[in-house]
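Every chain is named by a letter (A, B, C and D) in the order it is written, and numbering of its residues begins at 1.
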Amino acid sequence: MTDQICRVSAEEFQAILDEGVTFANWWGFQTESLSYGRFTLRQPVRKDHQRPGGIVGGPVLFGLADSALYGLVMTVAGPVKMAITTDMSIRFLRPAGLRDTDLLAEARLIKAGKRLVIGEVAIRHEDEEDPVCHATGTYSIPPK
Amino acid sequence: MTDQICRVSAEEFQAILDEGVTFANWWGFQTESLSYGRFTLRQPVRKDHQRPGGIVGGPVLFGLADSALYGLVMTVAGPVKMAITTDMSIRFLRPAGLRDTDLLAEARLIKAGKRLVIGEVAIRHEDEEDPVCHATGTYSIPPK
Amino acid sequence: MTDQICRVSAEEFQAILDEGVTFANWWGFQTESLSYGRFTLRQPVRKDHQRPGGIVGGPVLFGLADSALYGLVMTVAGPVKMAITTDMSIRFLRPAGLRDTDLLAEARLIKAGKRLVIGEVAIRHEDEEDPVCHATGTYSIPPK
Amino acid sequence: MTDQICRVSAEEFQAILDEGVTFANWWGFQTESLSYGRFTLRQPVRKDHQRPGGIVGGPVLFGLADSALYGLVMTVAGPVKMAITTDMSIRFLRPAGLRDTDLLAEARLIKAGKRLVIGEVAIRHEDEEDPVCHATGTYSIPPK
């Protein structure tokens, strides 16, 4: 897989977020790294991402995971901004504290079909190995 | 099930959102109705909930579904603000357009255990019957 | 939904199981009832469906849920025997005892698309209301 | 993780299958390898595992994945035969042909909690790299 060409650039992905994903700004995503079948998205956590217990809310983590998969899909299918999630299964493993360290969502390809791309994502604090969240999801790529 | 007593009030749930769920404001949730094992959450859709295609982003729908389940849990377990999602499986069924009509997330109890509560949620436009999104999820209730 | 025509008969469904689903015999499925968007499958539990604790094994319940969805798909799409599961999310709610009463898997339509059909299934003992298992799943219907 | 001690032996796991998992015989599982946080289960495919299209039925793959997770749980928690699946999310990626080569289910630990163990499983034909099936699941370990 590693010798296949990444079909989107960080700039193209960022432009798609800037132009069409109006909520990306609220989340505060930044592309960390990408290659064919791999995509890492970084997110600083802010006070307004919080839920009771002083931890990051599940919806905030879902948005991060889903957006990392969105980027992953583009590494194999190109800048298909109309790709949409068909389903996601997400597991919250331990509380994600509201700390100074960013969250990293590391997405990895499970299957690249012509119309469906399936991947998994693990989210962790930048300075920790154990994930706080794990998700698998399917994206549907619209016909051209 | 219908003759059991609802263990949270709309005011108590709203107070939990106001005090501790800082992101609830961005979403714009409003409690529509609640009874034991049922909870409906209403959400107006705004321009900043949008993703490419002029539709509501998946993470916005997830946040709505997850919060409706949070309310559902409290109808059976009381105002347990520390209840946390352990996992969710969410399916996006059709695009949710950015329309004037609100979204309604209707949650229904599947199982109320002592420590785990499982429910399902269907999200639809207020003026349509067909759901745009369906989810099932488990909440864990911390020991007192 | 109730006034739409069921597109498969119990006999057609049974013939598909008999001819092509070699493992259906081991499970022992029997069609209980069907209509457009509804399908109920009955299953007696046998000693060889057992796992430690004297309860029905998870894989046995999965097979029952998946097969009820298979029937559900046909109520809306006709006898499409090549329809295949793309994904399932299954929750085991309480132990299913090895009792004399049969299990009933009641499937209900969530969405009928041209290529994808999504449904949910609850499994319960015939003489009990509370489900032992709940699942949602997507079936893909091959182009003709 | 690699330097932690595996808390079950292949013989102990096999004994649990032999004594209490009556359906394991029908499936035909064999432990391939195990270490802390890793478990690989092998399964020959037989004619009676077949569904229309001449492929292995989804329930057969589910049973293989679930049983590999069962073994995985024991590598971290010891021979806890009463551990039970609370939920599984399974994705069928491509048809698993009824071939002479066996299927291998490779399970990997995501999180080992005291009461909940979460893992993922990929199933592939022995002579192919691309998985036919991917699943994540949670097992609950009963208090002693």
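For the reader, a short list of remarks on this structure follows.
Note that in this section a residue touches a chain if its C-beta (ideal position, glycine included) is under 8 Å from a C-beta of that chain, and two chains touch if they have at least 3 such contacts.
Quantities reported herein were computed from a predicted structural model and do not represent experimental measurements.
Put simply, the chain farthest from chain B by mean CA position is D. Rounded to a whole number, the gap between the C-alpha centres of chain A and chain C is 34 angstrom. Per-chain CA centroids place chain B at a distance of 28 Å from chain C. The geometric centre of chain C is 23 Å away from that of chain D, both derived from CA atoms.
Those residues of chain C in touch with two or more other chains are numbered 86-87, 89, 91, 138.
Viewed as a network of touching protein chains, the structure reduces to a complete graph with every chain in contact with every other. Looking at the complex, you find that chain B touches chain A at residues 16, 19-23, 25-27, 47-53, 57-60, 62-63, 66-67, 81-82, 84-92, 95.
Only residues 89, 91, 93-94, 110-111, 118, 120, 130-131, 134, 136, 138 of chain A touch chain D when the two sit together in their complex. Put simply, chain C touches chain A in their complex at residues 86-87, 89, 116, 138.
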